[in-house]
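Shared between the two complexes below is chain A, which pairs with chain B and chain C, respectively.
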Partner chain A sequence: MTLTEPAGAAPAEETRRQRTQRTRSRSPMKRGMYPFILTFLLPPVGIYALYMLSPYIQAIYISFTDWSGLTTDFNVIGFDNYVELWNDDQIWTALRNNLILLVFAPVLTLLLGLFFASMLNVGGKRRGVAVQGVRGSSIYRIVYFFPQVLSVVIVGIVFKYVFAPESAGGILNSLFSFIGLDGLTQLWLGEPSYLIWIVLLVMTWSFVGFYVVLFSAAMQSIPKEIYEAALLDGSTRFTTFRRVTLPLVWDTVQVGWVYMAIQAMDGFAFVHIMLGVHGGVDGAGDVLGVAIYREAFSNNDFGYASSIGVLMLVLTMTIAVLFMRIMRRERVELA
Partner chain B sequence: MASSITGRTPSGTSSRRKFLQQIAAGGIAIGSGSVALSSCAIGGSDDDDDDSGDTAEAPEERSEENPLGIDPEEPVEIHIFDGGFGDAYATDIHQPIFSERWPDVEIDHNAAVDIAGELQTRFAAEDPPDFINNSGDGQMDPGQLVADGLLHDLTELFDAPSWDDPEVPVRDTLRAGTIESGTFDGKPYILNYTFTVFGIWYNKTLMDENGWSVPTTWDEMLDLCAEIADAGIAPWVYQGVTAPRYMNWPLLTMAAKLAGPEVLVAIDNLEEGAWGHEAVREAASAIRSLHEGGYFLDGVEGMEYRDAQGLWARGEAVFCPSGSWIENEEADAIAEDPSFELAVMPEPLLSEDSVMPLETIRATAGEPYIIPADANNPRTGMEYMRAMLSQEGARGFTEMVTSLTSVIGAADGVELAPGLSSAQEALNAAGDNIVNWFYPTWYKEMENPGIDQATGKLLRGDATVDEWVDECEAVAAEIREDDSLLKQNREL
Partner chain C sequence: MATVTYDKATRIYPGQDAPAVDNLDLTVEDGEFLVLVGPSGCGKSTSLRMLAGLEEVDTGAIRIGDRDVTHIPPKDRDIAMVFQNYALYPHMTVAANMGFALKIAGTPKAEIQRRVMEAAKLLDLVEYLDRKPKALSGGQRQRVAMGRAIVREPQVFLMDEPLSNLDAKLRVSTRTQIASLQRRLGITTVYVTHDQIEAMTMGDRVCVLKDGVLQQVNTPLALYDKPANVFVAGFIGSPAMNIATFDIVDGKAQLGEASVPVPTSVLSAVSAEDSSTLTIGFRPESLVPASSDNGGGGIPVTVDLVEELGADAYVYGHPTGPAAAEQVERMRSEAVIARVEPRMAPNKGDKVVFAVREGESHFFSAKTGERIEP
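Entry: the complex of A and B
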């Protein structure tokens, strides 16, 4: 049986090979091309396999075991970790929080980034000049970028004190009572329902600067003539933004969105530093990244931690695939 | 080591090597697999796990000078947690004592802040050091270590003659409860070196200035709280968002005083309804009454524990639940005001006809030291422990880091800081009426986040006593039903 098929397929295969050989013989590097390319490809592929693929595969395997992380032996326990995952309320909380971040963080950050960038580059109004930023834009540009320079750890610690109670040096509450808005003071980090929104806020604060710079660069490459034409047609600033600026930086916005979505799926450093390893009061500010860390390194349950990791892998892949689908469709429409 | 490959894997379990074999087949599919995969997370050499034990375990000649039979020339590797106590007590006090007797044993001293970060992979590689101070935020879960069979049994150490007097075995030089606090399933695996006194710490200066006296019943406590609040001071703080569980300590101690230590045994043994015991409910409702009366410092629910304790040490509040480490922990804040003096009081009685006397106090040995089962030189590790437990070693420790040790009599004649000396007085007054509970060591997750979150709600007023009981019961049930945990039991 095995004989018949290859026999039939052989001629086509043969011609193709001959054709490729002919093509290759025409190239300047006849012999030794494959070894040559392989020498360049093998080390990076090897390193990739060693540090990326192998940990993935190991993590998937570990997720089916009860490995504590301390021993060389462990038992394979099938889907027990996944069953536990399904029944673990804390994981659902973490998942919900990740989804909140995933939906709101990119939207908020990109909208603010676009707004600031357009104000800095095309938002100003002065007689005689068609396109310019608002007054003092060169200073704002630097100021907006400050948070990006700070390490996440510092941002986390600073904001812990922004949201602390007044008697413990809380900046926000002190500000509220200073301007007479005592009614607005809250125990921000003591109230479970606020936690993830505070994380969202801090995350947005620390990333907006980056997008301002990114979008500014994109906007500066838009030809000034287009704006002048729009201005001559009497378009308002908002219309200019909607009809001219936004379509011309759309590619950059898409890239920014992917990047921000990745940040939102993570969120580990912000939550761990601001709320602690249990995700704050009642664990209400937990995210999956922190849950993995907690199960692995605090509870010595690497098997369970790996199963959360696999969950995160599936989620991230799904999002990536969905996003690529959407992107592809848009490209077709444009063409 | 070819011989060790075959027939190594016990049935039902899967070893790293089997895993490698399985994955190597898949490795071909992803290209340069086999090279890449020889370095995996589940790693290290498992070639010498069984035989290393044999060679290292074989003791040298035992003698009166060398009761543990150590090799006087084999080096010993030591890891100290570089936290609140620092590591100078090891290098400046314990190691000189040890080296005086064993000049040829080379001590490889290491200090680390994150113990698990430093050593977890070495356990997984079956190449752990000989002696570990397993403490701090990066503590490796003790219950898990025991369940995985990774710790060396310390029975021999406790049976050996003590460093100072060959007639007295080590176990008789230790305070009651010390060995029990590190015992799992009847075997001692952990040496708890310090001795911590828990209670309600109060601002003695403020109390004296205002002529307030230490309350002995909960009713008196509430009356005093009202008075303190009228004076414009907050009566209580607790450890805020970080650790509301500190309030559990007075809660459970008061319950034990009311109905006897059986209450705590039931909780430790995960008995159904243990948290719903009438005494526990009563204690919980007493603690909740502090919230109802508005007796907590404003905003404490949203504070970091150090901020809350700092405010207490700066005179913003009078009472704070803690252990005797607080004097050390808040040393900076305390030093700001030379007139500030702190002291500890036993928890007030909930009722006149309590089972245990007022002086009853929670005290326990703490600060765990372990010896890995796979250590190269476990005997010398134990010998080092024996040196630590000498009178000179323990006294030096108390003087240097202001903490009591589990060694009887070692703190006698040492001039102690005011807080610590009040702790020692409380301890002496308590006599045999010392209580403690073990579930936080046995089941780390049960205490935190489990009970911690429940008590947080109780303190914020987000849960009634009934709801708190239900949540604690649910937490206990979850632990009870988790087959992956090794269950412990104790009797009174």
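Entry: the complex of A and C
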């Protein structure tokens, strides 16, 4: 707490230094320790407070005003923004979409990530070798990581083309026509009920590679003998995965889950680029991030946008805490 | 209960010319404790892993009992293995570790519990059953690994240097525990170690390997008394046997001033293979101090170091005299080692002449390294 004290709090600083000197004067090494440490700690904490914490606090304050973002004057309007939020159907749509992403994106991404990672590292089967990846796993490893190298913007633009109508260069529809499945062609981005699922698909595609690499690293750190022991104990590949591999990479899965959940709460870039600032047809693909952007920069209502932001902050923190609570297990050490 | 048979089993690692295990022919009797021993890289672990099914058999066959297991997966071989680093499942309790194989096999819970408890009592692990491996000491982990094997009630136990991660004192006590446990259970055991003392003290029979080739397999005492070749002679025994290549001069083995009597049967064997040199080995306890005037025989040695062990004292020395340089070059061992009476041990720097006790020399062909039986 005292670390964030501004320079104006010199008297407190002074007394502490005196106290420090008195108690530690026997040890010349330690005499200058506190000022020394503070010199290193204060700048980063100060920068963090200035650029990270203060915007949060300001945003909370702005959410109680009707500030347009363009003027210097604004009125404090109490909870009006939050009342409006409660009655805004579009926000409910965005929230519902975020929750869909929150439930399905981590499940889908982590399951695929775990599946691919275990295939790459421990899924192979060859006589006389206990642990290895499937044939050609080094190539798959690179291929899976590709999407992670691409910027989200590029991914969004590419998939906009994938799902576009054939006349606009729609890759998926062209493919269907080409192989004679014309019946399957659709105006993918024109159907409101598809939108969020398409976003989910693209999001999963772009993040799976990262989790493959993350889980691969975790699996590589499991001693080979443990797999050999499991093999001798009569464990099949699936049992080994469920009873040995998964428990031993559980910590990593947990971290990955939280990270992916935060990604799902965001989703701004994908939706904004693929579906536009209004969240696609009827706003059906809207997410909270896009709603904030829209209210702030399109509708010039920073007060309202801030209240959505505060809602998102609360949701994200709640979810992170809940996940950590639910998924906490005894930490496993590789003995 | 079963025998284990290696029938010309060979393992060549991909990308290598020399086989890691070369035409291994070996039979382990039912209920026998066989120790595979050799220096690192000799193929002993590979042999064991071939039997476990963790390593492929390129040519030849391996049989457990009458069953050819060469190409069947590890889980169907009815074996249990104790790994060097124990390979305990870190996320499971001791009880779950020991019962894992049974659980997978679908054994009823009560039965698993009974067998785990039985093994835990046998190994003194009852109070640790609910702990995770990380909360156990090295010795306890080792016992859990043993327990995991015992619970399986397999036909064959495989142990891959299970004691090498323990401290010296614990190793000695665990050594006897494992050996007596194996005798009590009567399960055929193949045990790999690089430590020849472990091999000698634990095994019913000991199998010495070098560069993937079987050198000799016999009871510990037989290996000690009649090593089949120079390698086994130098490997078995601590301190090591003194080995050097001698010239045959006038029916005696000569090396500089050192001279050792040679039986006529050995002399004729040497001349039969058209050689004038002979490799002779003698154990430290076969050397006795001799007065230098006993007819020119004996080996003059300058003492470098005396190891006082209380019951014994070992003298480490180097050959002296005009031909010392040649003698050192011809020696296979680092130093001349002799066991002496601890109360009459020479001092550092003393010059002592040692003679070899009658009939306690080991003779080997200088060309092939094979033993020549006098």
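Definition applied: the second predicted complex is superposed on the first by the 296 of 335 C-alpha atoms of A that agree within 3 Å, B and C clash if a C-alpha of one lies under 4 Å from a C-alpha of the other, contacts with A are read in each partner's own complex, and residues count from 1 in each chain.
Throughout what follows, a residue touches a chain if its C-beta (ideal position, glycine included) is under 8 Å from a C-beta of that chain, and two chains touch if they have at least 3 such contacts.
Note that the structure is a prediction, hence the values are computed from the model and not measured.
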* Should the pairing of chain B and chain C on chain A count as a clash or a fit in the superposition? -> fit
* To do: Determine, under the contact definition given at the top, whether A:Gly78 touches first (chain B), second (chain C), both, or neither.
  => neither
* Asked: Can A:Pro55 be said to touch chain B (first), chain C (second), both, or neither?
  -> first
* Looking at chain A, does chain B or chain C touch a larger number of its residues? -> B
* Report for A:Trp67: first if it touches chain B alone, second if chain C alone, otherwise both or neither. => first
* To do: Check whether A:Thr239 is in contact with chain B, with chain C, with both or with neither, and answer first, second, both or neither.
  => second
* For A:Gly136, decide between first (touching chain B), second (touching chain C), both and neither. => neither
* To do: May I ask you to decide whether A:Asp282 touches chain B, chain C, both, or neither, giving the answer as first, second, both or neither?
  => first
* Asked: What is the contact status of A:Glu228 with respect to chain B (first) and chain C (second): first, second, both, or neither?
  -> second
* Structure fact -> Min C-alpha distance, chain B to chain C, superposed, in Å, is 42
* Structure fact -> Counting only contacts in the complex, chain A reaches chain B at residues 42, 45-46, 49-50, 53-55, 57-58, 61-62, 65-76, 160, 163-170, 173, 187-191, 276, 278, 280-283, 297-301
* Structure fact -> The chain C residues in contact with chain A across the complex are 52-57, 71, 73-75, 79-81, 83-85, 87-91, 100-101, 104-105, 132-134, 141, 148, 152
* Structure fact -> chain B contacts chain A in the complex at 10, 12-16, 19, 23, 26, 30-33, 35-37, 39-42, 44, 46, 49, 116-117, 120, 123-126, 138, 140-141, 144-145, 147-148, 150, 240-242, 297-304, 307-308, 311, 316, 444-445, 448-449, 452-453, 456-457, 460, 484
* To do: Using the touch rule from the top, collect the residues of chain A that touch chain C in their complex.
  => 127-130, 223, 225-226, 228-235, 239, 243-244, 247-248, 250, 330, 332-335
